[in-house]
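The structures come next, written out as structure tokens.
Note that subunit A is present in both complexes that follow, paired respectively with subunit B and with subunit C.
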Partner chain A sequence: MKRRITFARVMLPVVIMASGMQLAAADGEGLQVPKVVEAGSALSIPTHAAAKGVLYIVSPAQVLRRNVEPGESVAIEPGDLHNAGHYLALLVSQGTTDKAEFDVVAARQPASVNFLAKPSRLPVSRPDGISGVAYVFDVFRNLVLEPMPVSFQLSDSAGGTQTRSVTTHNGVAWAKMNSAPKAGAAQFQVSVGSVAEKRVVQQVPGDPCNLKMSGQRSGQRMILETAPVRDCSGNAVSDGTIVTFTQSYNGRSEATVDVPLKRDVASTELPARDGSVISVATGVVLGNEIRVGEQR
Partner chain B sequence: MKTSIPLFMRRPGKLFPLAWAIVGGLLLSGFAQPTVRVEADAVGPRSLEDQTRTAVVRDYLQSWKSMSAALQDNRADLLDAFYLGLAKEKLAEAVREQQELGIRTNYRDLSHHLKIVFYSPEGLSVQLLDTVEYNMQIVDHDQVLAPQHVRARYVAVLTPTEVRWKVRVFQAQPD
Partner chain C sequence: MKSGRLLALTIVVVTAILITIGTLWPIQTAIAMATPHLMSSSTSPRGAAQNLLQEIRRRHWHAAYAMLANKSEFQEADFIRDLTGSYTSLRSYASLESFDLSPLHATADEAKFRANLNWSSVVGTFHDLRELRVVKEGDRWQVEWPIKREPKVPPQVIPVNYLRWDVIYRGAEDDWGAQDVESPHVRVVAMHPVDRGGGTIILGELLNEDVVPAFVTVKATLLAKDGSALATEDSFANISHVLLPKQVTPFRVDFPKVRLSQVDNVRIEPSSTLVAASADPVIGIEDQKLNPLPTTSLSGQLVNQSGQVVNIAHILGTFYDSRGQIIWVSDGYANRALLPQTPVAFSLPYPADLADKINNYRVVTSTFSVGRFQ
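On to the complex of A and B.
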């Protein structure tokens, strides 16, 4: 017995491959199974078997095996066949095989949604900057392939709301949203039927829009400070953003100081050398210049 | 891992002719790789580069081999390389059911007609439809049933991982 099993195990794929596409059909075609069955529903399969047999219900998604008594139907209990897929039912009895093919489809009622919102953090005022993708599943975690209405809603901290209504196609729906002009956390929600999923998208200030500094002489030092740095929508640029102060004399750079923004402003001190020019910049934004000596 | 030497190798006198007949049939059948046709004309919303499409198709086709091996040997670990998430859980469940029933199944894919239909905006999922033809054979303990020819339509969702695209959703739908 052990040898026979070993032989079957080794040779099975070879036999199948060797048999090519023209395989022998099943002996009979008399098994009556509905063409489409909803996942998890009960099913009765009349067999008309004249003798004892075995019914196999097989797919890569699920495998069932039932012993069959002569003339009896096979009852598949609710929940037994719950994975969506294309199934082959084979009734083997007295050397003959009856077969049927049928599909188990997802229940129409959505039970969960896989929601991917990207990115989790982005600058304000980006058109189509936020994307949401939703895959809809039933209670047995089968992808619901029937079209379903899905609603995407993005609510920002200022009370603004964007909504997109989309119908799923092959179980998936997607939408793109604009980031709001005001910085802050936005709630990105997808809902289908009574199921909803929420993600938080952090909308951060954009790049500085302009930069202005003022300077005050204090003995041999120049005390420099920027005005509060804001993006083009008026949001305070994030603390930690680097502001660079550069001092040059006769066109030659003499000192450079990188200062992170703290409470919206950057400040530093440089030598008060008369005739030198102090400039300020952050990112691609250039600020004003101060000529030392003109403050006297 | 338990391995066994095929019987015809241990006792070549008895089974040698049969083995050669099978190998001959194998050669005549072209030791066929599945025929593959790919359509990726209407993919969106993200544009699909040729290199990405090639990788997705290659890894999806490999996933069939992985599934076939897992269901033939009743080894869920063979799914690890090409499946994750729901697809892996459901296939592993089928392997477990086969183990409990003493059944093994062999799937041999013959042809794939692939349509890549969705590439998500952020590039983290690809969905494809596959009209596939395959042969399936059940071995119930030592009883080998006649092979069956099946045509089915699958929906698959793949996501990128460190080294390859893996199948996250794998589900047949009515054709």
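On to the complex of A and C.
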């Protein structure tokens, strides 16, 4: 039963539109319907029908059916016609059919905006690294095709703000922003009229600059610790970043340990073999070297 | 009709011959499964050692312990811990697949054997070498088990500032404009195809250049001159799948059925997914050294620098030539749990023909602790 209803709902607009097209060729007289109607607005359609009939209003997304009394207008309540698109109105009465075509357009007042902000995470100081795309919709989720002013605003954690004003084109507006030199969560906001949507963009530190470690001998072990690791803009590199300490003797690796940064520093211990060289690196960034034996 | 009878007679005769051979010269597996009266006699030193190892193979710990000559030196629980590990590890679920005994010396009342024990586990086999002293007690021979006691960590507090990442993904009810968390950015920083044994092996290194942990895989496709795909494989075991920020893992992808001469191009597709992860424990790799022929391997010690017991440690070795190019990637597992501050030996094999070419190497580990997701 449910399946039959679904089939009927899908096929009904198609069948009606197809028959409407055929009838349009036969019946020259049309209904009095405005050419453009705003989505959701009320509508009164005078019929001048001599007998009882049925008015069908059909679009690919919506079908309305209203009984028509002789000489009366048909009232379409506010919100009944809510899908933007091209509509066909058919008045069927006593074997005759009147036909009219009209468009339903999105309401002028934006009600929501879909905001795509990419990426959600990027390194600091990247020109045009952040992009935002806004799709403006009315209250019935119709894309507002009329040009609308849209404001993009990126506020970083240091208080800096970048603003771009763009006009929508076919319902879409976009802008590009630079990532700030200071790491932190930036608020990326788009505003259209009274509607606003916000995204968070993480601006993360870049690659470490001047990776430097120091070592201290403690019996048979070398206690190693990096200086606070920062990127070239002075941001503390994220905790958890792996720092690799490698001990080599005669050019061959003898010991290695991957240590995560905690509170900006990485520390570990390795055997204190005289003559060995301990180096430090993170990712593809190399730091300084320590020759064991020179700490005595 | 006549040929049918002949066939039946042949089958009966052959079966009888096979049963006789199996009874007189049983294989070790059959011995282990057989009833005790089929086991070797303890009236010889070799028989005593074989009996003991067969009981171990059956995981009959009590029976094996009862056969020992030096029971007074340790308890049965110590014996079991020696064989299966004190903490959950690969050893806990491994079974003794096979063993062989090599005589070292023998006198009238004492003998020594080198026992090479081959254990099988879910990730492959590992070997255990023990020297067994067998002594004569009356008219019977008994084995003195060379007990290895796992070092005990003295009670202490090891301060660890745990660092972990938790991830909140977008929900099903979120609007399509709501962004999801970005996948980590990873990059292949080295790649080298090599021809080995008639097949092709892709060796390389992958860097997590992001600030969040990544679950990574690498898929490689070999392309022919006309651009068609010859084969596609991914690195399954030969990669460290969880990469912390700025961490580098080697990877190896094997194509045993494609010759390098057929390959015109290689397409490498690294993929990454943001995962919750922990930055601990930290594992130091010390005393690394290359062992020469005949058992070419890279050996060393794993030292758990954190306070938590690591149950499984996966070890990956990257081998470089004098130009710094990757020439081999090998992996292995520690068969014992890593206790805090306690070294555990490991060994990574490499092909003997590369012994002269290896100039340097790099070892990384990934760990698993029971009760934690990573």
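The criterion applied here is as follows: the second predicted complex is superposed on the first by the 269 of 296 C-alpha atoms of A that agree within 3 Å, B and C clash if a C-alpha of one lies under 4 Å from a C-alpha of the other, contacts with A are read in each partner's own complex, and residues count from 1 in each chain.
Operating definition for what follows: a contact is a pair of C-beta atoms (placed from the backbone, for glycine too) under 8 Å apart; a residue touches a chain by one contact, two chains touch by 3 or more.
Treat the numbers as computed from the prediction; the structure is a model and nothing was measured.
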Checklist entry - Does the superposition put A:Leu270 against subunit B (first), subunit C (second), both, or neither? => result second
Checklist entry - After superposition on the shared chain, which partner residues are touched by A:Ala196: those of subunit B (first), subunit C (second), both, or neither? => result neither
Next on the checklist: I'd like to know which partner A:Tyr135 touches here: subunit B for first, subunit C for second, both or neither.
Outcome noted: both
Next on the checklist: I want to verify the contact counts: of subunit B and subunit C, which reaches more residues of subunit A?
Outcome noted: B
Next on the checklist: Per the contact definition in the header, classify A:Pro205: touching subunit B only (first), subunit C only (second), both, or neither.
Outcome noted: second
Next on the checklist: Just checking: does A:Thr97 make contact with subunit B only, subunit C only, both, or neither of them? Give me first, second, both or neither.
Outcome noted: first
Checklist entry - Just subunit B (first), just subunit C (second), both, or neither: which does A:Ala50 touch? => result neither
Checklist entry - Who does A:Ser59 touch here: subunit B (first), subunit C (second), both, or neither? => result first
Next on the checklist: Contacts for A:Leu116 in the overlay, against subunit B (first) and subunit C (second): which applies, first, second, both or neither?
Outcome noted: both
Checklist entry - Can A:Ala255 be said to touch subunit B (first), subunit C (second), both, or neither? => result second
Checklist entry - Where on subunit A do the contacts with subunit B and the contacts with subunit C coincide? => result 116, 118-119, 135
Checklist outcome for this item: Residue set of subunit A touching subunit B in the complex reads 1, 3-21, 23-27, 35-36, 54, 56, 58-65, 83-86, 88, 90, 92, 97, 99, 101, 103, 105-106, 116, 118-119, 131, 133, 135, 137, 141-143, 145, 169-172, 174, 176
Next on the checklist: Residue numbers of subunit C touching subunit A in their complex, please.
Outcome noted: 161, 163, 165, 175-177, 179-182, 189, 207, 209-213, 244-248, 279-280, 282-290, 300, 305, 359-364
Item to check | Contact set on subunit B toward subunit A in their complex | outcome: 4, 6-8, 15, 22-23, 25-26, 28-29, 31-32, 45, 67-68, 71-72, 86, 90-91, 93-94, 97-98, 101, 103-108, 110, 117-118, 120-122, 124-125, 127, 129, 133, 135-142, 144-150, 152-155, 157, 169-174
Checklist entry - If you look only at subunit A, which of its residues touch subunit C in the complex? => result 113-121, 135, 197, 199, 204-205, 238-244, 246, 248, 251-260, 262-263, 268-271, 282-284
